[in-house]
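Two complexes come next, and they have one chain in common, subunit A, joined by subunit B in the first and subunit C in the second.
Now for the complex of A and B:
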């Protein structure tokens, strides 16, 4: 009986693993099948020559180039707002704050993590409207508001992964540097953070993915269907998920729908590029952190 | 072996009414004693009864553990000045530079041999490469490790054998020239030969510093210690050395 259960567990685990892989393969296959045909320079740039579009000599109206640029800029801004704050908060929680505060703050971060993105978007929208009516009459939903709202959306992941990565460091390693006269910050910066970097980067990758795919937040805080390339932090912008959303809900013909699938493939490619970038940064940081501890 | 009777020695550390609590559990119960300069004092006793805790009282390393409490006074004489190490004015990193500690399991950092030993110097803000190289060599010599590693100082420290790693950790603790050295079962993860090298090393080291060591091995303690004290029921009981 016991051996049967053992066997079933193993088989079950394999089935689940394969089902997951299969689901991803089916998803990717379906996307490629539907969208590969539309993947050409017309999808990105319409009838404008790619070189002209990339050098900003001519505006693109037909293609999704402005949406790609918008998403890229949006992700970069929100992640560079959220990552320093998230890592700093994670370090504080894991290394500095008293246990009581840690519990209380932890609950708040969990609530924030569980907040649906549409609520975050609505919050960003409300704050913008409030500011518009009171302090900043020229403020409208815009790139900056979206980026800030997205930063709030991903902050809890960053905080929690940083905190967990630091707290997971074994006690033996944790007390090595203090026993040798390290201050708390020296211990954090020279021993603990380099050790926790892998975990922190995983949190960052999660955050990048979340910023690139989220539609609910940006819909309420500044994305528009045809704004052209992002021009200013205080203006509207286009974004890929929003493009996919509008196309899928109101496409006029088969070609436009195929463009939607093409855009979905582009989002995946964009995320892959951003992930690779963060891996690259991690290995750089790891080498530098090591280099600083061992000059 | 140079074994002066305890009553003629010059005290280095004094402990007054030291009590230590884990939650509601009293690990150390109103201990008052002193430890002689340039002596090896061994603390023996059953495990899990607070011997390691007692060691961390002298470099305040227990303070990061949540839910513990200490009362009493601990003073260490640095040069000719007695310092209350729990006084608010005490500089914690500076204290730990003068009171080194070596743990039960060797804990080299994931870096080269030379950089491991230089690490405390860097933490203390030393920058001159010549000075660092000289002090690293001195520390490695003092820890009986120089001859074995002088040709591969840039090799990864985690590649060394267990005994070598432990001597590396001793060298790393010695590089700041501490006046007190705390050793928490320094040989319990090593084989007999490697442990023998370290025992020999400790006897040499007491010329440089005052050594407090926790050990399980009574025969080892009898070989190296000038004074043996047993921690039982939160109290220290003297044993014949």
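Now for the complex of A and C:
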């Protein structure tokens, strides 16, 4: 009887594990099979010569170059908005704040981390409309609003990774500088932060990945289907994930559909590389910490 | 010392500002959604259908759609994820590269953008479901739930394997010393010791399934009627917000979106708090 239960467990585990693996393989395999053919310079630049497009001499209409540029700019702005705030909050949580406050703050960050991205996007959208009607009549959903909303989305990840990286530093190292007369900030900035840098970088990479893949936040806060290259912080822009979404619902011809497949492959590669890099760094760190813990 | 004080205040301000974002989101939506309460629409909101022509803006169909899709996704995703995590656990003992490969794949899966899943779903899964059901558009609860199951599974798998890994090593060695097989170790030691972690992972995954926008938006069809079966098209709360067209603050239609946002926010807070309480109690019990 027990023997049977054990057998069933093993069989069940293999069936479920392989089924899931198979499902993912089929989904991604289909994407690669259908889209590999469209991965060339026409995907990016359409009929425009790459040099002309890159030097902004001619506009690209039937390639995804504007969307790629839009995503790059968007990620750059939102990560540079979120990283300083996230690291500062993480430092405060790990090094300055009393345990009780840490728990309360932590709870708020957890809620923010779990808040659906569409809710954050809708928040950004309605605040913009609210400001448009009251204080700033010229404000519309735009690149800046998207970047700010995305910054809110990734803030909790940055805070948590910074906090964990700092808390993982062994007590011996943590007490050395203060014992020699260093102030708290000297200890944090000269000893602890350099030590925690790798962990913080892994959090930042994760944040970049999340910004690049997110569609729900930006679709309410300023992304549009055809805006050309991002021109200003206060105007609409294009982005890769949104491009994929629009193609899937309203592609005009086979060419556009092929571009959609190509864009999906590019986003897929970009995000999986970023996420695995972040995991790799973190598992390295964990192994180093485990190695230290042993006598 | 003054510089020290300034730096500490700056850091505290950053922490406070970040924490206040989640409060701010709630407060803003509650403030703008409040007129619904004032006009006595609250009861209608959660019980009535969505019929803008007749002035009815109930979000009941979207709540039902959300619950259908999220529960079904969990129903499909949970066994798959638990099995996958169990497989990782079963194969670790043989110092198998396969176990490491499985773990790596789960990690990579967390990075696959939902919009990519949705895109492939439209062109691969939806036609398949359409043929299988023998009619309709194929854009239905079933398609969305199947796809969403794949989307939420890495969250569960990583959470499960982490809680498996927290089982004290002495217990595992004891089973080895008694000559127990990997399956016995999993069934009688690892799984019973990780029940709390499995519960946390489930709650977390349910929260993620309810909060996901793109899958439901792209493959569930977005019909506003209350769904009667899994082959019906449905609209989730998230998709409903995403499909916002009116930007007229005073219209009843726009106000109801805040109600959707608040319901989602409430569910999120509930899952986070549940996981927090479960997790803390688990910590306290451990010696």
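Some points to look at:
By definition in this document, the second predicted complex is superposed on the first by the 232 of 295 C-alpha atoms of A that agree within 3 Å, B and C clash if a C-alpha of one lies under 4 Å from a C-alpha of the other, contacts with A are read in each partner's own complex, and residues count from 1 in each chain.
One rule holds in what follows: contacts are C-beta pairs under 8 Å (C-beta built on N, C-alpha and C of every residue); 3 or more make two chains touch, one makes a residue touch a chain.
Just so it is clear, the model here is predicted, and its values are computed rather than measured.
Once the two complexes are laid over each other on the shared chain, residue contacts for A:175 go to subunit B alone; subunit C is not touched. Contact with both subunit B and subunit C is seen for A:183 once the two complexes are overlaid on the shared chain. In the superposed pair of complexes, A:99 makes contact with subunit B only, with no contact to subunit C.
In the superposition on chain A, A:61 contacts neither subunit B nor subunit C. Applying the stated contact rule after C-alpha superposition, one finds that A:191 touches subunit B and leaves subunit C untouched. In the superposition on chain A, contact of A:209 is made with subunit C only, not with subunit B. More residues of subunit A lie in contact with C than with the other chain of the pair subunit B and subunit C. Touching of subunit A by both subunit B and subunit C, each in its own complex, is seen for residues 183.
On subunit C, the positions that touch subunit A within their shared complex are 1, 3-4, 7-8, 10-12, 14-15, 17-25, 28-29, 32, 79-84, 86-88, 90, 102, 104-105, 107-124, 150, 153, 181, 183-184, 186-187, 204, 207-208, 210-214, 218, 238, 241-242, 244, 247, 249, 257-258, 261, 264-265, 268-269, 271-273, 276. Those residues of subunit A lying in contact with subunit B across their complex are 99, 172-183, 186, 190-191, 290, 293-295. Listed in rising order, the residues of subunit B touching subunit A in the complex are 59, 61, 64, 66, 92-94, 96-97, 100-101, 103, 105, 107, 109-112, 115, 119-120, 122-124, 172-173, 176. Those residues of subunit A whose C-beta lies close enough to touch subunit C in the complex are 5-7, 9-10, 12-17, 19-21, 23-24, 26-28, 30-31, 34, 84-86, 88-89, 91-93, 96-97, 104-105, 107-112, 114-123, 125-127, 129-130, 133, 152, 155-156, 159, 183-185, 209, 212-213, 215-216, 219-220, 241, 244-245, 247-249, 260-261, 264, 267-268, 271-276, 279.
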